[in-house]
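Before I ask anything, let me first share the structure, which is written out below as structure tokens.
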């Protein structure tokens, strides 16, 4: 059982047109820039993978990461909580022109829907969004005199996430707040692909300190010096 | 903000008759023997706290821990998944005599109901127990052609848990598989009381390695050399 | 119209009500300013949606770690006793009622406690973030806001005209002119600027201001 | 009646079907024995409900760590690459379909895949543990069991008479006499002891044994 792949292309090459892709990160923190870059490069060369549904807290910033995917024209739909950023041009232009679909989900509901998918919970009730536009069309129930909205699990074909350490069996740790959605997405996707800053042998991560157990991880590539999205943005980089 | 209490009596003295008490542990692993001991001692001296509802995976073993609580007559009801053990006499006798109530919950459902309480999720759907006796009377729903049972959150007045390290703000780590239900119970109880093998200053636990963040913890006492239930059992100890 | 409090002064006033030992979430933007004015000697643990408890102020320029940010994507530092966790655990803290206080911004607040702070309606890009979770999670949900909009219309209203963030969720509003509690679906005036009459304040408010008990002077230092 | 497989031999046979790289949960008691017979060269990661992935065999006597136990409360050791997690995460692995194989014991298995293995009915103390979660979680749910009860009644039946653990959940049964798949609510015989006729086997089985494709000899070494 060695989940390590030779390179990013080998790890991501089978992601297809129309796939739903969860992408870890909150703003630039945890954004798997190199995995995203490989998808963009392949799309530019081959026209595939296009028509993607991308699931992330945000909808990209500047001209890198998810914003670059949107600019490239490979994203049909965003599922996110906060499609605003310091430079939201890529998403905003297409959204206002009706060329990209948006499913807006409250942040905690987004996190819980993803966890639910990973945990085999098809639906749950939350007070969040009760009585608002975002609850329209959803079943409502009352428990102990309070109203709740029924929300459904959110699965994906693929998760792309950025880790700090990975062992060959897929156990992961993260760097600080770059953890955010990654452990949930790893649970919820049919195939979870990880870029790790360093790959270690099994036993190289203390079993007490594992954040994502290997059972949730399918493929790992080492990206020893990953780009940080926020740093790239401040350099005015394009992807 | 210092959650450390001088002694176990100060930490547990306000637990009242009729309280619902979550007790960490799976078998002897993680059982907070000293916290339990303080309750038993107080009950023997004062007749209180009695009529307790105890929530744990099991229903005690031998004559210590939860079994000793049952023997003392202070438990009115057990909520658990597996009320069998190598020496289940305490529970079995009272159960078969109709002197203790049992709510039997599948183990994963028990864990998820407790987590749901901590996470503000009043109800969720699970495939577990569909079509069985344990689903009787519960709402059923179909999602994508599969049947699921609606389960409710499970809250408690108090959680008693055993940690390895605690800092003064309540951040916790655990020892190996003694973790089990403790992080969930800490979230789900109105008051969470922890016995920790060692208390450290804030900063003494790496923020990456915290398992239970301090927000879920109310009171901490140091029990530097905690008894291990399984070891006690093998010694034939009584509590 | 009388003088009014600056944003910093509104934030100062809100900060005075945060008790020692509280777990607090400050909404992105203006509410983040509340942290600056925490009274001496009180310990407050700040929560951010993206998975930190116990973060501190911004690092010096040049020392930013962009994997250590708050919900507003601004760089922060850690205090001793901080913890990292994933987003589902983070919102378990929110939704599960573990936060003592959430302080948010507002477009409109209705007298029944409804809040509108996420969408200005069609034609713009909607963005909700964690606001809808926070308003139903924290034990106390307070709002800080100018008393009126830029073009002088009341922000405290009978019924919100903008899309709601939450129903009946706000319990206290700190404005540039007053401190108002929401009790039994009514605005109850607690404090007002000393230079302003009740009538004047009522004229700038879109629903009845009830006086129930005394009204104190809202006195805030220059900050 | 012909010779039958010992429990160890049933466990051996079940172990042969666990693929390399599988994540596996073995029920407490008899199913735990399957781990002993993992074929050489295959790597299997064992999951236990109480929060370990990647545990190994029992430690030598005297070296038990009672905080390092499996779901049967027996002491285990760790393999390199093991991980600890809490119970909700543990059952997320189960319920979320992340385990490749679960192997459980049985009182009765019905031809539609229903399983009864947790309660012998009124008068005893019921105990369910993780069985009801496992039967709806793992990608493949297999059962190991004697083919008949101690008093000779079939355990493979048309309809379970005991309280169910799960509905339509079992896909393969390894017995002391045969290997039987459940396909389209029918028992399909895959392997049987060579010394036993189909008629003889059918006589010990409480529902029709369908032959669909060949029936192989069930040949198991002395173990």
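A, B, C and D are the chain letters, set down in written order, and residue numbers restart from 1 in every chain.
Note that in this section a contact is a pair of C-beta atoms (placed from the backbone, for glycine too) under 8 Å apart; a residue touches a chain by one contact, two chains touch by 3 or more.
Model, not experiment: these values are computed from the prediction.
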| item | value |
| --- | --- |
| Interface with more contacting C-beta pairs, comparing B-C to B-D | B-D |
| Per Cα centroids, the chain farthest from chain C | D |
| Computed distance of Cα centres, chain B from chain A, in Å | 35 |
| Chain B-chain D separation of Cα centroids, rounded to whole Å | 30 |
| Intercentroid distance (Cα basis), chain D paired with chain C, Å | 56 |
| Where chain B touches two or more other chains, by residue | 112, 115, 119-121, 126-127, 174, 176, 207-208 |
| Numbers and ranges of chain D residues touching at least 2 other chains | 52, 84-85, 88, 91, 94-95, 136-137 |
| Which pairs of chains touch, using the document's own definition | A-B, A-C, A-D, B-C, B-D |
| Residues of chain A defined as touching chain B within the complex | 112, 116, 119-127, 141, 143-144, 146, 148, 152, 173-174, 176, 207-209 |
| Interface residues, chain D side, partner chain A - complex | 20-21, 23, 43, 45, 47, 52-54, 78-85, 88-89, 91-99, 136-137 |
| Contact set on chain B toward chain C in their complex | 1, 115, 117-121, 167-169, 171, 187, 201-203, 205, 207-208, 210, 213-216 |
| Chain A partner contacts - residues on chain C that touch it in the complex | 48-52, 65-69, 71, 73, 84-88, 90-91, 94-95, 114, 119, 125-133, 136-137, 163-167 |
| Residues of chain B touching chain D in the complex | 26-30, 57, 81-86, 88, 91-92, 95-96, 102, 104-112, 114-115, 126-134, 174-184, 211, 228-231 |
